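In what comes next, chain A is part of two complexes: it sits with chain B in the first one and with chain C in the second one.
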Partner chain A sequence: MKRYGLLLFLFFVGTTPAWAQTVEEIVNKANLASYYAGKSGQSDVVMTITDAQGRQRTREFRILRLNVKEGGEQKFYVYFRRPTDVARMVYMVWKNIGKDDDRWLYLPALDLVKRVAATDKRSSFAGSHFVYEDVSGRGVDADIHELIGDEGGLFKIKNTPKEAKGVEFAYYFVWIDKTNFLPMKAEYYNASGKLLRTVEALEIKDVQGYPTAVKSQATDVERKGSTIIDFTNVVYDVGIEDGIFTERYLRQPPTQWVQ
Partner chain B sequence: MLKRIVTFGIDRPKVILWMTLLVVVASLLSYPRIQVDTDPENMLPDTASARVFHREVKQEFAVYDMVVVGIVNKKDPEGVFNVETLTKIYQITEEIKDVPGVISSEIYSLSTKDNIEQGGIGEVKFDWLMAQPPASREEALAIRAQAQDHPMLYGSVVSEDGQALCLYIPVERKDLSYRVVQDIKKIVARYPGDEEFHFTGLPVANDQFGVEMFKQMAVSAPLAGLAIFLLMWFFFKSLVLIVAPMLVAIATVVVTMGLLIGFGFPVHIMSSMIPIFLMPIAVLDCVHILSDFSEKYRFFHDQKKTITAVMDELFSPMLYTTLTTFAGFFSLSFSAIPPVQVFGIAVAVGVAIAWALTMTFIPAYIMLMDPKKFSGFRKTGDEEKSPYLDKILSAVQFLVSRHAKKILAATTILVAVAIYGIARIQVNDNPVRWFAPTHSLRIADRVLNDHFAGTYEAYLVLEAADKSEEIFIQPQVMRYVESLQEALLATGLVGKTTSLVDVTKKIYYELLGGDKVNNVIPPTKEAVAQCLISFENSHKPDDLWHMTTPDYSKVNIWLQLKSGDNKYMAKVVKFVEQYMQDHPAPQAMTARWAGLTYINVVWQNNMVVGMLNNFLGSFIIVLFMMLFLFRSPVKALISMIPLSVTILFIYSLLGFFGKDYDMPVAVLSALTLGLSVDFAIHYIQRISEVNHHTKDWKKAATEMFTGPGRAIIRNALVVAIGFLPLLAAPLVPYKTVGFFMFTIMAFSSIATLFILPAIVYFKPQWVLDENKKTVSCHCGSCMLVALFVALAVAYVLLGYTPLGWKATTWISILVIVGLAALCHIASKRNICFNERGEK
Partner chain C sequence: MVSLLSGIFANHRHNGSSDMKKILFFLFFLFFCPSVALASFSGLHGFVENDIGIKLSNDTTKRDNYNMLEQRFQLKTTYYAQGANYWAEKGAVVNFRGDFTVDEYYSGKTDFDLREMSLSMSPFSKMDIKLGRQVLTWGTGDYLFINDQFPKDYESFFIGRDDEYLKKPSDAIKTSFYPKLANIDLVIIPYFTPNTIATGDRLSFFDSFQGGIAGTNSDRHIVSPPFQMSNNEYALRMYRSFGSNEAAFYYFHGFDKNPRSYKDEANRELYYSPVDVYGASLQGPFARGIGNLEFGYIRSREDTNGSNRTVENSWLKLMAGYSRDLGNDLKIGFQYLVEERLNQGAYDDNLMPSDYRWDEFRHLLTNRITKLFKGQTVNVTLFTFYSPSDKDGYVRPSVSYDITDQWKVTAGMNLPWGEDDRTEFGQMKRNKNIYLRVKYSF
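Take a look at the complex of A and B:
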């Protein structure tokens, strides 16, 4: 991806000055920087959900990712470790471009593999304040982008959904780091301009040369409450194979990848 | 000493006038700060444990105060489930999300909740139930089928009969609900059609009540003023003369309300009735003064001399009647219900203000009047002649003098029957019924109850006794909750219950392929946890936390009762208690209630017990006052008879006619005591006086049916008719108060005029004892006093300390014995013997 990004960069440098990147370029780079680092990736995740009353619960899982196509299709495998009641549960997502994702669910207590229909990506990720789209990325074609500002080393971009159906917000702003193109903050607003939720990158680390957000927070501004995701043991290009992301491996988790 | 203020008014009338005006204007200054409180929750102190828990539940389970928008479509055979109506509902819901004060993410509508359903083959689908309006009739009906299959929507959002819908709009604060409803009404008005929209929900009812309350105050209070004015015109036929009491009444009301508002007390349903109570009471003493003045002026022909004589004569009876009235209202301050306390104290203060004004303003006013004006009323001064009254009075006199024993026997029978009736009294209240049956809220209530199994919400919170976590995802505990819910439905009082169990079962069978055979609790705790986390991947994962806590240490069962009547809620509470006793839970657990329907039950219980206490309290206080006034325990007891009979009789009517003993009725019991004893005071005082002059009790008794009888009836009429305009109020509690006050005043004046003379004819010495000896010389009287004291001690101990009935009994008996011994010793003192010896 880095190479690809560099190519893109060179291509655009040849045609336009560096400071005059179009908003589409910025958005594309941000999409790649935040969701497509490496050909594949693996991480341990601790998700701390804090509700409006300050009650906390945590979820721990291993997440595996494989890019099928740079900037395009991806596959995710989420293996739950805690709480113990839900240990060995698996979510699997095939992220598709231009059509609904494919999702599977494995419930070990019932030994049940179930396909889950995903008509939109705005549903909660495991009860947290993150939605599926925050975890797997919102299609860059879904919104109309406008570069509306340049604030302290960050591009401020306004994004308005092309299709208002299936989203709970009317528009959102994203602040993208000019140097590494990681989105640092997003704010979602409703039609009357009320702030609904925010997503922020709290900590960035360099992992194998990829700037990586290792701590993020999603906040429900309207109802209060927020979720913090901590990524540890992040490794890219782990050589994970496509065959892992199949129904077969839901019942029998690939030991080498989930231990 | 007190009389000095009267002299001051006579000597410096202008000062009094200006001072009165100053005080009235000063009171008016506080009016802009008026606060209205229409929340039935405030019937309990803010710190009451039921309210504290209610707030905890609201917070812990994120339960909000909801405005309910009911939608019905009578034209379509499928009700609201057609393309056009659902499209409107969709759009209206979208618009409501932007109404300020609405918690948009928590709206309950078809388009704001997720459904769990079967997708493609082997696929489960978590999706908005109505992501967009249906395109065809089939789609509309499919939406209905799905909603009816959803435990969180069936019976709450979509009606059991599939015809009607309710949107539940949570509001940030209760006091925003009226404005929110107005905004929603504007939105709805832009979608005309066959649909009917109904607005209900307790916050709406409360806010609506506030609006109606002001109407009531603006209509009933002036009407009461007018009625009293007309009545006085009828009595005195002199405009100049009756302007004075009207001014006293208005000033009393203005100053009292000004004080109430100035001290920061909100105007509650109870305190909004203060003007209506104060007006007739304020006028009463003025009527006495004016009556007496117009009579005496004929002899004196001098303002100052007349008014001095009048005030001299009337000062002490007016002081006593004022004190008893004051005591009656003040006894309400011992109530456990804050708005009732405020009302009682405010009216008591108002009574005192009215007295002060009567003592100062009226003499001052008379002094400032042009003496020529008196020549006018001297002609009409013979207003004593009212042929109807006299005819009635002489008929009563005839009856009583001949059938005294029969009347007393009839009274005894009446009391016995009344006690039977009182035993049948049903305690019940329902804030929705505070509105007249034709009110839009009552209509909404009826329409929605036609379609939905239950619209009155209560919450039952279960928690492990040892507070351990994760117990409510254990299958055996869930099965217990399930059977409790089933039992609740079987009582017939509950229309619907919703809990974590219902939602878990729904998720479970949908995950397993949608076969209802699997509509059961999952077999293991892990399976339950995994079902729930699957649900958490929906758009509304937080819906779970309305029903349980994230550590699964508590469940919140939502109950929808068929009626908001407190008596049904009380039955449900009792049922659950009994059920949990008969069927021990697999894990020891506590059950606690929340929800406004339950809160109402709690304050109602306080009210019944509290009011009985107040009643006894004011009875004892008034009894002591009578003792002090008449210096005879027998007379004191006799003076209490007519009002006791009245109250017993009136309350027995509740039992016989099946009218609920509700808030207004409860409050009235204590305060009527202080008002209706006035008749007896007047009667006994006057007959003693007359008897003292004539030394012939028969003559005295007969004379009582002329002047004094007329005065009593006139007084009764002023108060009774003063309350009648409340019948015109749009709110039911005011009507009840109006009817009751009218009936009580009317009946107690009649009772006084029958029972007291009957006693005089039966045993004249009881009432007309001319004995000058002190009470302590008469062993029997002394014993009676001892009994009163013991009663008072018992009351105080029972009411204000945690001592039980047993301890109180013993203490009371000890007091009686001790005092009896004292009586015995006292009655053998030398003075007593000397007096007896003289005789």
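Take a look at the complex of A and C:
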């Protein structure tokens, strides 16, 4: 149905240049394609972090996601497996729109549920070169978007943050695939035009009809080092219920979902 | 599986070697029991670590130069029931975590510390149960506890063991219910576990029988409540969230975890006086950070009107906290705690001239600063306690570095100080140390 929809869409707009679509439409579609596939989703994740000296670390976790509202609020449950000293640790996020996210951390050795202050969305996710916003999405209203190019089947969009405070970049470019609206590459620049970091989709797979970036890389161009994130066992519409994203399942991980 | 659990559970008071036999048996059971086919096994993980804590002040404890020198070998595993049977259907999980230790402080004494051995499952869709040895934590404070009346190990805290060891496990049955209106946790603790506190052997402290800070000369006796039904401890929490805010009510019926009351002064006997604790807490987003409020009324059941000079009075405690993420992996937190001794008049009236008198109020401030560096592999933390009323405090700086995913080194200091010898931190002032920990996780 989704594919037919796209065909119909191409049929009707086929005669006009594709960038007759407004930039907001493109950005919204990219946001939905990259962060909201299915009503819910589950995946095993391996992050391989390589620092400037070439030393590698790995993080392995299971991630569960539920869309509360398409394009809006979401809930995430991250169950750590490796390194072994953080095994069984759980990180839970209620992604809010228009206010700070709610975040919790569960430390099994102390049986401690800790509410985590979550103001800084640009800080590293689990020590990797991905930031929180790369993982859960940056609000589409956070930037001013300009469609500045059309390169080899990709829209090139320039994004300038409305609020310069609290972000490390002055602007960034995103290249979005015209057919599936997945962001293929992002480049972040500082005010003097120096490239700071890049995020790139390395491998796209079709999962249950949803084009999915199953391998991505974030690179710190300035300080060197990069992280590759691999998604395996990706399943959408798994029937995860809202009740999973509560303190009950922080303390007692749902065996059905984390095993 | 359950009978094995209860076996370990019932014998927890035996010495280390008995526990060790049980654990070896459990490991044997894990590896060779035919029912392994019905369970999935997370693999055996854990760590090996070396800890050394050098003393920075002179004292009269067992050893002058150090207060921690030990090796620790932790094993942990999780065992999920699988297949088409009752246990798998109810999501049964067995968690095991135990430490083998070699303590050079006691001339290489070996021991086994069973940290967790629990069975958890959901017998009904709106009910969970967790049975066995487990660490229990609730409440909103950071190193401060009002409604969390579960046992702590302050000896570990003051010598600089990992934070994990501040909480002692309890042998308990925890039942949780999730009706629509609120979530309910009910914990029944049949075996009393007190806090581990300074005894003079490893850490010096203020011993009222000695009239000052005492080390190995301390010869007081502490009497635990005998094991009987009427001495069961009960802890109840009801909690729910309102949007991003969380509210909780607490009730505890049990014993003071510190031996603050006198059983028999002539024989230098102290005991854990019975208490009821009623409390509440609120936590949620506040001023671009997280705010928390917690309150507790600790009712001393054997001295409700405060007139018995040998039994600790009732208390009111109130705590407010705030933590915030300042960006660039820098986090700060502040807390304020005020404690009021109730029936101060009756307390004052009944003191004997030779007794140590305490003020009605105690105020305590804390501050935590944490900054991460080098891709979050270096953690620099400074935690400070300061009491303007007691004129004492405790500074805990630490630096840790994750060299690889396996190797971690931590260095830190424990610096309690105080004008007075008998306040909470002042009595610990001769226990200042600097420690180093090297840990390999697998």
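The rule is simple: the second predicted complex is superposed on the first by the 240 of 259 C-alpha atoms of A that agree within 3 Å, B and C clash if a C-alpha of one lies under 4 Å from a C-alpha of the other, contacts with A are read in each partner's own complex, and residues count from 1 in each chain.
Note that in this section a contact is a pair of C-beta atoms (placed from the backbone, for glycine too) under 8 Å apart; a residue touches a chain by one contact, two chains touch by 3 or more.
Since we're looking at a predicted model, the values are computed, not measured.
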item	value
Combined model on chain A where chain B meets chain C, clash or fit	clash
Contacts of A:100 with chain B and chain C, given as first, second, both or neither	second
Partner chain in contact with A:57 - chain B first, chain C second, else both or neither	both
Contacts of A:112 with chain B and chain C, given as first, second, both or neither	both
Partner chain in contact with A:191 - chain B first, chain C second, else both or neither	first
Which superposed partner A:255 touches (first chain B, second chain C, both, neither)	second
Partner chain in contact with A:83 - chain B first, chain C second, else both or neither	both
Stretch of chain B, among 44-52, 98-106, 116-124 or 260-268, that runs into chain C once the two complexes are superposed	116-124
Shared contact residues on chain A - chain B and chain C	49, 51, 55, 57, 83, 85, 109-110, 112, 115-117, 119-120, 122-124, 126-127, 166
Contacting residues of chain C [partner chain A, same complex]	40, 42, 45-47, 76, 78, 80, 91, 93, 97, 115, 120, 122, 128, 130, 134-138, 140, 163-164, 166-167, 176, 178, 183, 239, 244, 246, 283-285, 288-290, 292, 323-329, 331, 374-377, 402, 404-406, 408, 439, 441-442
Of all residues in chain A, those that touch chain C in their complex	49, 51, 55, 57-58, 82-85, 87-88, 94, 96, 99-100, 102, 109-113, 115-120, 122-124, 126-129, 166, 225, 247-248, 252, 254-256, 259
Touching residues on chain A, where the partner in the complex is chain B	49, 51-53, 55, 57, 83, 85-86, 89, 91, 105, 107-110, 112, 114-117, 119-120, 122-127, 165-166, 190-192, 220, 222-223
Of chain B, residues touching chain A in the complex	59-60, 62, 97-98, 103-106, 114, 119-120, 122-127, 131-132, 470, 473, 511-512, 522, 524-531, 533-534, 536-542, 544-545, 549-551
